[in-house]
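Encoded as structure tokens, the structure appears first; notes follow it.
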Amino acid sequence: MTPKGKIEVGILGATGMVGQNFIKFLQNHPWFQVKWLGASDRSAGKRYSEATAWRLDGEMPEAVRDIVVEECRPGNAPRLVFSAMDASVATEIERAFAEAGHFVVSNSKNHRMEPDVPLLIPEVNPDHLQLAPVQRRNRGWRGLIVTNPNCTTVVLTMALAALRPFGIKRVIMTSMQAISGAGYPGVAGMDINANVIPFIGGEEEKVETEPLKILGRFTGETVEPLPARISAHCNRVPVVDGHTETVSVELASKPTAEELIAAFRAFRSVPQERGLPSAPPQPLIYMEQHDRPQPRRDVERERGMSVFVGRLRPCPVLDWKFVAMGHNTVRGAAGAAVLNAELMHSEGLLET
Amino acid sequence: MTPKGKIEVGILGATGMVGQNFIKFLQNHPWFQVKWLGASDRSAGKRYSEATAWRLDGEMPEAVRDIVVEECRPGNAPRLVFSAMDASVATEIERAFAEAGHFVVSNSKNHRMEPDVPLLIPEVNPDHLQLAPVQRRNRGWRGLIVTNPNCTTVVLTMALAALRPFGIKRVIMTSMQAISGAGYPGVAGMDINANVIPFIGGEEEKVETEPLKILGRFTGETVEPLPARISAHCNRVPVVDGHTETVSVELASKPTAEELIAAFRAFRSVPQERGLPSAPPQPLIYMEQHDRPQPRRDVERERGMSVFVGRLRPCPVLDWKFVAMGHNTVRGAAGAAVLNAELMHSEGLLET
Amino acid sequence: MTPKGKIEVGILGATGMVGQNFIKFLQNHPWFQVKWLGASDRSAGKRYSEATAWRLDGEMPEAVRDIVVEECRPGNAPRLVFSAMDASVATEIERAFAEAGHFVVSNSKNHRMEPDVPLLIPEVNPDHLQLAPVQRRNRGWRGLIVTNPNCTTVVLTMALAALRPFGIKRVIMTSMQAISGAGYPGVAGMDINANVIPFIGGEEEKVETEPLKILGRFTGETVEPLPARISAHCNRVPVVDGHTETVSVELASKPTAEELIAAFRAFRSVPQERGLPSAPPQPLIYMEQHDRPQPRRDVERERGMSVFVGRLRPCPVLDWKFVAMGHNTVRGAAGAAVLNAELMHSEGLLET
Amino acid sequence: MTPKGKIEVGILGATGMVGQNFIKFLQNHPWFQVKWLGASDRSAGKRYSEATAWRLDGEMPEAVRDIVVEECRPGNAPRLVFSAMDASVATEIERAFAEAGHFVVSNSKNHRMEPDVPLLIPEVNPDHLQLAPVQRRNRGWRGLIVTNPNCTTVVLTMALAALRPFGIKRVIMTSMQAISGAGYPGVAGMDINANVIPFIGGEEEKVETEPLKILGRFTGETVEPLPARISAHCNRVPVVDGHTETVSVELASKPTAEELIAAFRAFRSVPQERGLPSAPPQPLIYMEQHDRPQPRRDVERERGMSVFVGRLRPCPVLDWKFVAMGHNTVRGAAGAAVLNAELMHSEGLLET
């Protein structure tokens, strides 16, 4: 605990764009305080303000400027660490921390689909946290790895979660994804200015599999994926923040439009019930306007933690179609992981 | 015939964006020469250069600068007129010209879905031009109205036409449409800069119906629409020219990827056989690169008359998915209409 | 006074973009509460939510949704009205309100350069408010018209104000202005997407004259303009909010770079001393980074009320050059006017 | 000579963006044919199509796809080589080629300001090619290095060249530069989308010095720089191609606006007189429209080889102000170098 009674946290991969998003999102967090920053050897030993080219809007928060960056090795790090590691190095480092007893709340893709690793959206599958003892038993770890999904997955899966009672069978989604999802330098200006790039490496595979695990059933030992099929078309568009997704969905039952909209609006879950600090009051906000949600206009609302839905209408091929939009670096990354840690804390898990 | 032996043509709605696109596309046309320009009362009597704020790249072609704009009434207009009329006035004016004996080759939506009006893509349904005598008989007209489809429809339908042999059953398409498709001033900069607008008025309805007529069967009297279903999600993105479309399609037969790509590449039709001046050598260009086609990089190729296809891969929900992209103001508007007129001329229709 | 003890205010031209910006900026204002909304005949009688297509980010504030819009005539309006009127109608309407005893705090250009009308930036020339009695005497009004400058002028003039002690002689400025400065629909997407428009109607004239009045000396009866010369090149660029300006300046004395940067940083004035609610703690923020300020990254900082300065370096032609950037619809429009009203209130003027 | 009687040319740094621009510009060149491609060790030995990720619009020209890339060492290279080398390696490699007898026509900045290296714009200072014998004598080389200026310099200097008769004294310029000027990946999409970056490394220094050498007087032994002063503010804006520059200029004599516009329009020089293949008929095109030139609308005109000028008007601080715009990767890079080589060929220099 810090002097203010907050839980000290560390960030693995603190100097990159995702790491910066963690630092920004954790500013003034009521429970967590960033005390430790890990990065590559190249940065270790430098003050964070020297090691980091700050890429986000505004300026680097004062509170982290003078923290001396360390290598990504367990030891000095607090028990709770958020991982913003690049996929190329995340596997070994995250395992090393978990083995050493750390709670690794990771945004990296590396462990997401492993059977004993929770892939969480706290509003959708908080019960999957029960994979924790399975993971520890399997691996003989004192710590734990918990993951959040890919940014495009989060937006889609939150919208679909509200439709779960109607029986999700088949989904076709096209994404129009913001530049900030690609890290830094990420997409070249020459490539994306006034253009669409109809390809994002590895993205479609994630969006076609991760939601099925998240929407799946915890059996006591493992997660049975939802028996549904998803097809994803992923595109990059010249937008700064906010992934927009068009979705066609086939349902087992035949609800009316009113019932579906009511389901979007009524959707609440554990984070709302427990009042977790980063939980949006309303996880899904259905907009009546004929041309919303729009990323530039809606992405900053609700601190970036709600998913916005609109344009529900019948689909001539599957049953219904609609638009969903959410903040890819907040709800789809740093905010997602922090909410996972809040859920863990609310379960008393961080004290074990 | 003009001194050079060219066919004189007129343009209805010559001062608007679509009219300007006709003028640009018809520059140096080997068969047609713009001799007459019609617009609203407000413009009539002025020289074209005075009446028109030129919105296209480069400068207004010299050949039209001094043509005195007339009202949109038959009389002085040449027999062949291209219609770039706004939908709010096209119905009556196009009828008046057809009744007065003119060939009205229209880009307007107004008459597209009427049963006796050809809705043509010359590579796809040149035989639908046989609706001409039906239309004349029905309406007692000496002239004729022939239409081209909506810009988003053209791109989708040309790609689908190559797949017709495999039996098109269901299609889900999401478009990412260029700003130039909305006319002038069209979409406000405030609305589209760094944004996605997930709605285009009336567009989805067109894309869900027009392709079925175009891909339908001419029975001798009318067109039986293709018995397939299409679902469209239409979006505006900050791109200047070129509509990009993600397409999932269900087919009756089960071709391989190689067969489908071969079908895209082999696709040729009447305009290519006859060497129509605006016909692209290859109507569909399949690109091997993993991230193409892209609107900014590919839209100007082949004078904007080919449709570019890429990323063919299995669809987990329907059978196959791919990306298609074409030039909305050329292949999707002015070029489409000019190619229609070229087809008509090659059939000897303009001489009747 | 409202139940909460706030001063009731009205907005002239409430349905337009500038009017919407006033409503957004005045949300939760500690002194002022919007109670009356005036607009054109077409809107009068409708609820604000019916009369207005909300163009700003997020959604229309609840507090104004049900206010019934009235015509722009004095009568029911509160004593203090903010004018967001279009220039085409502002002259007569603002005069009518002032004549009827209202305090008209106007963002319109119409009265700015009249000799007895204060053209205010509260940090720069708060003493020019002493034109109030002159204006009333001249015109026989009980009320008053007070204006704020053009958005590009504000950014330039605030930066120059800090240099006043060194003797401003000549200034050359090039602006790169955001789209939001043009109202709605304003600049067409077709015109500005991936483009620069090197012209903004009337802008250069304003930027070359308004700062001289603002930086001028109040003589007791009138304002003697600063005897300096300004040359402005105004351009529109595809940025949402934030005008960026490159400035070369010739000074009478020969300060060092350190003295100039210190002058930017030390710049404070009456609004800061009095703690006016919308006054930024630091009116000018000098940034050390070699590539800042940048509009997208810095415009939302300090609630849009500070002007950001950077890149001070010697100018081979005049003496010094630098970059300045500020929020055009906040510091350059709605926020400017509200700060003017706060200054007036702090002078006890609103009680007269 | 090639079978077609063309002069064989090589390209140093052929795989980068500038190299690609050379290949694109030299397609179908009537005098020169690309026969040799040099790049880094990493690319050497591969076919060009394997070694190169093509970044330009459209597809890689067929003619170069199968050329096997070599290391950048003299030997197999043709006598005439265009250098698109990165500045970090250009100095040594260009010298090695010149020493070995090659004509190195370079776009790199490295040798531009050396006293015995011609820094050429063929329309402006063709006589500076007379530095060739000086350079050879100084350095004992059989070959030669000839350079073209920085892209921003070209646009400014061509416009100023027309004003030379009036006596250029002082110039203040602000550039709004396209993304393509930064190479690939160049500017990150995250940095430039909907933003302005008010800094381009090293650019202002070039623009403040290179024009003075180009506009300088060849004395028979060296070039005396123009005794004028230039101040540059360089900015990056979200535009694909085309640098736009606002210019204020002080002149020794006092011409009228008509005289200045006439001077822009009458400006012709050696490349036009000799009909060099890449010479634009009119090097400077003065546009009457109040809001032109604009990069997106005008940059592709005249094959990118003309500079467009507009908005000439009095400057309240210096004498006159105007806007200039030109194609940074054509007139400002590849096209500039090719025109230099054409000038050299027309002088018989390539045969020596």
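We call the chains A, B, C and D, going by the order they appear; numbering starts again at 1 in every chain.
Going forward, a residue touches a chain if its C-beta (ideal position, glycine included) is under 8 Å from a C-beta of that chain, and two chains touch if they have at least 3 such contacts.
Just so you know, these numbers come straight off a predicted model, no measurement behind them.
Touching chain A and chain D at once are the following chains: B, C. Seen from the Cα centre of chain C, the chain whose own Cα centre is farthest off is B. Here the CA centre of chain B is 47 Å from the CA centre of chain C. Chain B and chain D have Cα centroids lying 40 Å from one another. Each chain gets one centre point, the mean of its Cα atoms, and the points for chain A and chain B are 43 Å apart.
Among all residues of chain A, those that touch two or more other chains are 193-194, 238-240, 296-297. On the chain C side of its complex with chain A, the touching residues are 56-59, 193-194, 240, 296-298, 300-301.
On the chain C side of its complex with chain B, the touching residues are 17, 55, 179-180, 182, 184-194, 238-240. Residues 170-172, 174, 176, 193-199, 208, 229-231, 233, 235, 237-240, 244, 246, 248, 290-297, 310-311, 315-318, 321, 323, 325 of chain D touch chain C in their complex.
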